[in-house]
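Next up: some structures, all given as structure tokens.
Two complexes come next, and they have one chain in common, subunit A, joined by subunit B in the first and subunit C in the second.
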Partner chain A sequence: MSTQTYKKGSSWAALPWLGPALILIFGFVLWPMVELFLMSFRKVSVSGLIKGWAGLDNYRALLDNSDLAGTLKRTLIWLVVIVFFTMAISLPLAQLMNAKFRGQKFLRYSIIVPWAASLVITATSSKWILDPYYGILNTILIDLRIIKEPIDLLGDPKSAFICLLVVGILVSLPFTSYVLLAGLQSIPQDILEAAKVDGAGHWKGYWAIIFPLLRPAFLVGAVINAVYVFNSFPIIWVMTTGGPGYETDTTTTFAYKIAFRDQDIGQSASLAVGNFLIILVFIMLFLKLSKWKELDQQ
Partner chain B sequence: MMKRNIRRISAFAAIGLAASLAATAAPAQAAVVTIKLVMASYTDAMTPYYTDLITRFEAANPGIKVELDVVAWPEIGQKVKTLIASGQSPDIVNNDEFAGEAADGLLYKASEIVSPSTLADIIPAFMTNSEYNGVAYAVPDLASARAFFYNKKILAGAGVKKPPATWAELTAAAKAIKKKYPNVYPLGLPLGVEEAQAEFTVWGGGNGARLYDTKKKKYTINTKAYLDSLLFLKSLVDQKLTQPNPGKTNRTDGAWTLFAKGKVAMVDGGVFLPDWLSKNGGKAIKWGAAPFPHAPGKSDVTLGVQDYFKGYKANGRVVEIRKFLDFLFIADNYQGFLKAAGGFIPATKSAGVKAAKDPIIGPYVALLPKAIFYPGTLGSWAACKSAIITHMGTAMLNPQRSLTAIQKKCDAANRK
Partner chain C sequence: MKLDMGHKTKRRISQTGLSVLGITVALLFLFPYVSMLLTAVKPKSDITDIPPTYFPKHWEWDNFIKVFQELPFGMYIRSTILISVSTMILGLLASIPAGYYVARNNFRLRTPFLLLVLVTQMFSPTTLLIGIYREMSSLHLVNSYLGLIIINASFNLAFSVWILSSFFKSIPIEIEEAAAIDGASRFQTFRKISLPLALPGIVTTAIFTFIAAWNEYVVAYTLASSPSKQPFSVGLSLLIGYYEVKWNYLFAGSLIAIIPVFILFVMIEKYLVSGLTAGSVK
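Let's look at the complex of A and B:
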């Protein structure tokens, strides 16, 4: 077998191997994307028929939507608060998982197992825990005589959004803390020992040595988390359907509501295009960061 | 050697591809015509009813096969839309909207999908509600009306002698109930997404408000009459005379469930509520049904809702559609339909005569002249309805803001 055989063979011969991947990429990634862009410029009737081109009408209708501003503001809060707290909690958590002690294995399992549960299940159980009539939280609070009448945390816009944020943070922890744990484990032991010999205490050693070395894992974890949180649909949809009203919607659930409740597919597509562009920025950022990581390792 | 292997495998792949193409190109059997049904699930009894009906229909009509899909209410609208958009149009659908599809030219006329004798038997008022631009495009299947349900035991226990007839009496009764039974919510107010438009329409209606002005061809949502009715409801919510979370409470799994447990004393209920109570743990509740409380100086209304059978043009199966619907409207088969759906008002005159004597449904048949209906004949109603549904979620926090937003969205839908 020499390299010549490859040169002679037609490149079509590779098609059976590349075919499935190409079909997947074109059929399930590129084509729907093109359709989405086209749809945002189309006029679609309430029963789902395409009735020609709409120009920029869908985008205008979206900008004119009185609930857009609030939704954008909430999406930003949703993103910043969840990513910030997830990273802030994951750092010490990863440190703890990396420490050697009895029960370390138990700790690692108890953090990874919730990750295996589907988001819908986590969200559904949270919803039932918070239920005003049958939920365990209200039962406990009433039994302890902390409150007199049941409260419906998901019924009030402010408290509902806070509950969603808390659940959003909880479900993001496993992934992030494991990324950070992997980062911690890649730090060579001798560097830490050298630092100790040089007289660096725990606190100083952490910020001067460990954290800088953890930076690539930290950044990658934060960006992937951001993409994931930004797109997150099940938690909000299952727990509140973005309600009451539109008060707990982010752009993802808002787009769904415009399409299937307001029955305005075109306007929803224009919002989805906006979502797509934002995600694109995150992905660019991610690619750039992974390049830094490669450079760091070189 | 590797080269030969590559060739051989690609040859196999090519043969495989060709074979699968050949398989899909096999000619279809032409003798049997299949019609697709997408029907609303009023109750769990719908599927057994249709299965039996279809078995008998297919036996009587060799050459027609019927494919059945019974779909839950929250999903059916979206399901039909998806089928149409993806080129798999059903032939017959039973749900609560028709005007948008009629406007898009998707539907056969009512006169095409049932025989003249079936059509003549439909109650005329329901037929008028099935018209788009003066032509009927749907055949009503049944209707419902609302009444104000109350728990007789709780009202009597709180010293409320008769069910409240006005807003002032309602507030007084609610306060009396709250005082006597602190653990009971006097009024169940479901402004959640399931059917908030019904509460909005019926409470506003009792203050003289109507959703649409047929003369000016405009939605009339942001009006003082609606604002006052919402402010009245808000006053009940603020005095804790309702359950704590009206904007999130749905009708069935919220307000009615609490009513069935004796935790809510008064609630908006449909003609089908007694049937629902008996099946969902509320059998022991001694209920009464009264007209809705109305605003001072106004008169009481009820909300009439009707659903439809529709025939779709896409597959050109008009003959088969007509055969099936005529079969369904045969007196015995239609009685079975009403029985499976559970306590609704029939849409035909012949069945209506029988229903008027029914102890539970009879009073509603009598209420129908007072009924106001949704503007369901407008192509824009579906979009406007959903604006009401979503914005009722926050209407008890800021009624004016909700009304402004709804008016804007309904106007936009109306202009399209």
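Let's look at the complex of A and C:
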């Protein structure tokens, strides 16, 4: 659509139409941001009362926190591993969802389930499946003679974190594979056919012809997925509460624990400011990759 | 002829192969939910079997009804519905005029406004939890439905604005111009012509906001301290902490909570991707 459809107008005329949205955005998204920044520089008592300014004390306390280094490392692993595997699996998955076969609808609907279901429910079910006594996974593994004795996968920090990663990938796949499916569907049919009969073989044709066309969808999907994954709280919280100890925490659950368990609001706010800045980087990345301005002008 | 037959059989084999693969993958995705179902219909005595059985000895389908007596499930669902429906209404009130206006008008602050909307999509309340908590306590909205409704509506604006503005854009401007020539005011044109034509978009955003509020966890977990104010997601996570967890009822309740959301989700599937990527894919 061309710009002809626009009537040039002053920004004041827009106010009655945009007002309600602006009230919500300024009042309840931006105000908490400001409040968060201020809290990170304030001295806050255990009961939540403000006792004056703290300068950089909260940030210093955070850097001195002995669990910070491990948490940062895990957050990086959490982000990289989940996004990598999610995208790597989504590519063939989207291809499968786009293929014509009996049961294709069933596949597409099944993939929607983890997307539609509350993360709390999926995490609760996973925790139950992994339970050392009552969980079905141990029974399956014993019946398949893979293990002899039941193991408590969520009891050991290493295996617990791997389990969390697997659930994280499972719930990430629906969004990314649907994004790639949308990308595939926007490729003209004759180009898809050409990639097949090129004689170069499916594999070569895919990487030479189809993947370059999918790249915008792939990158946008990956960045948005990274934001989801970074913000993800319920999976870890429900399955391990970041435990044992702090050994499966990411910065998101760690910030929650510092604020609402250790009652150190100031220190937690300084960590949240860090999280905020990381998301800001992702937003910049999104704007660059999505060529957002051009899209907006269309 | 012979060659043709060969092709056909080959195609049929690859078709079967694809079907087997597709259905296997589908079942992998369904595994957590199927195993939830198999637990939900187990009688109480089966739940604590060690090792657990794959299938219930008796299929107790009435667990789906008993859950309302065994757990405060009715109360949770009532809160969840109240929060979700109100969030949906508030979200529509804010996003319909905004979506319409940005679709039809060019003004200097248009791009900054859209950027601001995008920010609400990228920042989840999880990061801003301390700020939200402080704000809500100064407004006396901690442990209230209203607080949860406002926060949910605010953070889910982006999807609605993207989808609605693309729907409004797709309505030919000539129709609106004709109405204007007939003497209709700006608002009349909007209400009588554009709004009904954009109904599919409105339904889509209504459903999306409803689901987002239905599944929301971290804000409600932090703000709603009394059980009567908690949505199902929070109630469920707190029930697991109890000494004796009634897993069969817990999962029966969870499945009841998933089904309406799944059906609604399937209805808006076509528009999900474009709304969630700010229209940058498709």
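Heads up, the rule we're going with is that the second predicted complex is superposed on the first by the 256 of 298 C-alpha atoms of A that agree within 3 Å, B and C clash if a C-alpha of one lies under 4 Å from a C-alpha of the other, contacts with A are read in each partner's own complex, and residues count from 1 in each chain.
What we mean here is this: contacts are C-beta pairs under 8 Å (C-beta built on N, C-alpha and C of every residue); 3 or more make two chains touch, one makes a residue touch a chain.
Treat the numbers as computed from the prediction; the structure is a model and nothing was measured.
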Legend entry - subunit B versus subunit C as contact partner of A:13, first or second or both or neither: both
Legend entry - Touching partner for A:69 - first (subunit B), second (subunit C), both, neither: neither
Inset, instruction - Once the structures are superposed on A, label A:194 by its partner contacts, choosing first (subunit B), second (subunit C), both or neither. - result: neither
Inset, instruction - State whether A:150 touches subunit B only (first), subunit C only (second), both chains, or neither. - result: both
Inset, instruction - Figure out whether A:133 sits in contact with subunit B (first) or subunit C (second), or with both, or with neither. - result: both
Inset, instruction - Answer with first, second, both or neither: which of subunit B and subunit C does A:80 touch in the superposed model? - result: neither
Inset, instruction - Check whether A:39 is in contact with subunit B, with subunit C, with both or with neither, and answer first, second, both or neither. - result: second
Inset, instruction - For A:247, select first, second, both or neither according to whether it touches subunit B, subunit C, the two together, or no partner. - result: first
Inset, instruction - Quick one: name whichever of subunit B and subunit C touches more residues of subunit A. - result: C
Inset, instruction - Would you check which partner chain A:166 touches, where first means subunit B only, second means subunit C only, and both and neither mean what they say? - result: neither
Legend entry - Intersection of the subunit A residues that touch subunit B with those that touch subunit C: 1, 5, 8-9, 13, 16, 19, 48, 133, 150, 260
Inset, instruction - Report the residues of subunit C in contact with subunit A in the complex, numbered from low to high. - result: 15, 18-19, 21-23, 25-27, 29-30, 32-33, 35-36, 39, 47-52, 54, 90, 93-95, 97-98, 100-102, 104-111, 113-114, 116-120, 122-132, 134-135, 137, 150-151, 153-155, 157, 161, 169, 173, 211, 214-215, 217-218, 222, 232-234, 236-237, 240, 247, 250-251, 254, 257-258, 261-262, 264-266, 269, 272-274, 276-282
Inset, instruction - Would you mind writing out the residues of subunit A in touch with subunit B in their complex? - result: 1, 5, 8-9, 12-13, 15-16, 19, 45-49, 61, 64, 66-67, 132-133, 149-152, 154-157, 240-241, 243-247, 257, 260-264
Inset, instruction - Within their complex, state which residues of subunit A touch subunit C. - result: 1, 3, 5-11, 13-14, 16-25, 27-29, 31-36, 39, 48, 93, 96, 99, 101-104, 106-107, 109-122, 124-129, 133-136, 138-139, 142, 150, 170, 173-175, 178-179, 181-183, 185-186, 216-217, 220-221, 224, 227, 231, 233-234, 237-238, 252, 255-256, 259-260, 265, 268-269, 272, 275-276, 279, 282-283, 286-287, 289-293, 295-296
Legend entry - Interface residues, subunit B side, partner subunit A - complex: 1-3, 6-7, 9-10, 13, 78, 81-82, 84-85, 100-101, 103-104, 106, 192-193, 240, 244-245, 247-249, 258, 263, 379-380, 382-383, 386-387, 389-395, 397, 402, 404-405, 408-409, 412
